[in-house]
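This report concerns only the one structure given below.
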């Protein structure tokens, strides 16, 4: 932080996507943050308000192309990376000066020397892409179609599901924020796996997402008329968030877990609802699961376990960093149903990134995130 | 049929709801049908076009109150009942002159004598409510909150999932059309259960429905602003369509089956998508399931099993009587995922009712149902 | 304000509607406000979170029935009235102890004596209904179908279009917040009328609103399936907001103005877009109009005149107290088109009410209203 | 028509857009039509069902690239052109063998000789693009940014607003179907202009359209999250449909007319609502206008003037070829408001094209278009 403002000097790389815009929305009035750099390659040279008219009155800096940034001369404390999957590893490797890594050596040799020279050793990176979420290199390569481009950095990455990562967040230079679907799935699952209240086998996650999760890039599949007035599954049996969920569930279970994850696209802008079908352990009941979760999340500012009978809905978390969780008995004996609801762009994306920042820097955890949900 | 027009003289009871309007849409140009009577209690005296402006140009009779109908003087061949659940049993009992049944005796004694006297013995009833779907009286009473009001008639009722009911449809006086969710679930499940390609245990049906399935009655839960821009489950573990699905799956399996059924409300007018998680039998594979289904539905005009990789979506059946079915391998070994899509108001409601009529009277099965889906 | 908390003690009457919930959303974290009383007649006895799950974590008082309130014992500084139109006059009359008025005398005699006795003389009322917007009693009676029930109070009422009412807001006990449509129409029109840059004759306002403007009461017309996938006008030539707009335009013009106002219902939750067709005065151009508006609103925190070519859209103000205004030349010589966009529940409702409170009490005008718009 | 099938052999050029798919939907079961050729350049080689799963069961020919078509060997009677604006003139010029026109000469010389040789002299073209709608070459060049590419053909083109073009439709080889907005505007306006019941000056058309009108090409502006939950105007003062509407209104008025046309994008798939503000002529009233329109459209199968008080809505024409028209008095004396509603893809596009075919070939005018609107 510069002494002058006493605020964290923050850059957002990739600020012209929905996740980037959401970071701006949440950080614009954050008492400890000053947004000093915004990049957006396709929109370089434009004002924020040209690309996102709703943010046009904030007086923030114009978009730069990432290659235009003169890192050497810029004083930055924290970088949020909201770049497309697969493009962040190189950028972050450069940013963090991961010397000793071949690819970074090449980067240094070729074109990022200035980056590395200019960055303070204390810069932190909070990455919203999938690039540093998977700790196993083979799994990464299998699901993302290329070798990891910054393997020496990966071990430093902390998987930033805030409620389970707090102690490590302040220590690391690199926080890998979870995907939206994994966030909605892991918050209800992890405490139950940890308490051995449910079996780790046979978990089925049927998830429903709003369309903003697909981003702002041009795809026929996300045109209004392709999505409105309909619902459909996609990535059945092979969505990239499956291995990410399995990684964390396996860690909690202490054994390798394979599970079903089936996402669906719903005609709404925001929101993820996860309906999770689980097998109870031993003699535990749905009420027992609810108690485990209530106890675990009792003091959490953003996770709320609803009372028996209440039903989480995405519209009850819209625009907020909240996660609502409900537990229901299945009519099939020995089984239960978990329901969780988040806003994919907030707790499932930019909000959790800000929450991670707050924890990492010792700010109040709700700073910038105190807005109540917007309904209707 | 009267000799004059050589068309079936058809009544629709409860024509001011969405199901009733859909019957009018499909029957208005049916070559073998003449709509001669429409009832709508709340809207009695109004013209069809007052209540449904989109049907205002058809020149159909005005709405009567059901009590106003002078059954004795009317020549009717077929009655579609689109009345609310729980109200149809008495009406149909009267219509079908089920003598020997106490309640009907009372009806006769009290107020429906004229009904019974006036009706031809050959009148058929196609009921779209849930009143005659469950053959077990205890199950009915448990889920619908009251004793069955026409128990002597129930054994006559044919469960009208057309593709599995054809031989019986022509014989019976009373066709109980399946619910929308059961239709979407049973079409993929029954052939697989029958072929013993999947286990009957552990079936999980995660269903997503458009809002028209909730009908046109006034409920806060179906106001636009309560539904738009969100998704939520409801009736978790206790929806009335669960026992209906179980009844038919159990019949096919030859043993009592309990299964999970969890419906969700999606912000769209029409459509049901069922995502069904099943356990494969023995060494069968997802490809095997697809073959079983393709073989079963090869000659069906309305059920289409999509090719490997294609994904059913509700918008691909909108407005049509089609059902699309896809089969996918789960990443959990030994399991598969079935996807089916229907329009809840057509194949899940009025369209299947018309299809049943066509079969029952020996018309071409696609008569009145030849419209292609409307996309976008 | 009580010395203990040093916060304004605030009541919301009618807190179970959309406007009431929006007041809670905006005030929950307002640094100068403590919500001490919420009434909701139909939901009396329930918790806020039962009726609005999205607000379930705030720890606010349960809903009371308005008749249950023991006004005598409660220390309240400010009352927001979010009651249905036509019901507020009596309530406010009681609240403000407008002695000398027959109806209030009756109220006192009959049942509101305690109300009047208990209230501090300094209590203010901010009314969100239409009950005190029209200053002419005949006009009120004509459009609302009954005599004004608190005529002695009406002259005290300040029409709270904040940007035009600031000096009076601190002086009055009674602020009548403008309707949503009038707010969207008057903000672009008043400065232009005032500057004589447009003619006051021949103004045509074609407005498009989201469905939340119709409230949470049960009406067939606002069921999801009646509204989704369609657009239609309503109240053509006879909507109650027409005389309200005319009242304020006439006041600015110094002459009686009749204008066209035609609202339309659009399938979205929030937002009003007003497309206003005007006749230019003398030789003025669209650019001149934009300059007049830019100058007028240059220092306003919530009204922004967009640059030439930029087009206001409701999604650019969603959830915020912003109003965006654009000016465009018509291809018909001598005419121009004004476009304004607001969120009907914020600047068109609860946000403007909070803004009025901030001005009236000398708080920072943006307190509680600093959230940026939420897009997508 | 070939003697074998006794059906019209029909080609659709550009069948992979929404308009093309809608042509397939309407023509698939048309008793006089056989679809024998479908082109789609980007999707050449694919099956119809790959691109439009909802049409996957029809057994139609695969998509060809337009350059692959061996015109010489194909027996075609009628070509529907659903190609992008600006690309049709050359194609049609080739198809119709407009010799003597330089560009066509080049086409002949270069690459379309086979086309010309192979086509029967009796082939007709029904064009759904804007390429032949504007009869004035300067106007065309001004609004479409390039010189007309087939000027010798333009005079043959009949502007195919069916209800006003019947006699000419059978005579011409080239029917230019009106744009969606012009269709919705001209149907209410032309009879009133013709009857001199309204002034031709000062007409204001505020139109609201669903998103399918923007087509299936990739544009950020039509991504779901850019459109859902919002409304905005576009093309203010400079939309290409303005000169098209003016051309036809001017023709009816017998004098050059300039009018206002302002389109808005509404979050729905289908539908156009036009709200038209007009000045009454002399002493005419809104009731008079309604009578003029009722008389004019009394025998029309697709245009219906609603009764006083009824309000047209786009959901009442969805999926149908209907146009609903309402007339309302303005509260400003001497003015009236016309409301019309169509489905932009049917009466505003493919439906009107089929209607034109029916008239041109002497088929029953409603053939293929008898479906009732789909609500909800």
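A, B, C and D label the chains in the order they appear, each numbered from 1.
Convention: contacts are C-beta pairs under 8 Å (C-beta built on N, C-alpha and C of every residue); 3 or more make two chains touch, one makes a residue touch a chain.
Every value quoted in this text rests on a predicted model; they were computed, and no experiment measured them.
> Write down the chain pair with more C-beta contact pairs when A-C is set against C-D.
Pair with the higher count of C-beta contacts: C-D.
> On a CA-centroid basis, which chain has its centre farthest from chain A's?
D
> Report, in whole Å, the distance between the mean C-alpha point of chain B and the mean C-alpha point of chain C.
A distance of 46 Å separates the two centres.
> As a quick test, compute the distance in whole Å between the mean CA positions of chain A and chain C.
The mean C-alpha positions of chain A and chain C differ by 38 Å.
> In whole angstrom, how far does the Cα centroid of chain C sit from the Cα centroid of chain D?
A distance of 43 Å separates the two centres.
> For chain C, which residues are shared contacts with two or more other chains?
Chain C, residues with two or more chain partners: 18, 210, 212, 225-226, 228-229, 267-270, 312-313, 315-316, 318, 376.
> For a test of understanding, state which residues of chain B touch chain C in their complex under the given definition.
Residues in contact with chain C: 18, 210-212, 216, 218-220, 222-229, 267-269.
> Where on chain B does chain D make contact in their complex?
Result: residues 18, 21, 24-25, 28-29, 52-58, 212, 228-229, 269-270, 304, 306, 310, 312-313, 315-320, 322, 324, 370-376 of chain B touch chain D.
> Which positions of chain A touch chain B when the two form their complex?
Answer in residue numbers: 202, 204, 206, 208, 210, 225-226, 228-234, 236-238, 242, 258-260, 262, 264, 266-271, 273, 275, 277, 311-316, 318, 328-333, 335, 337, 339, 341, 376.
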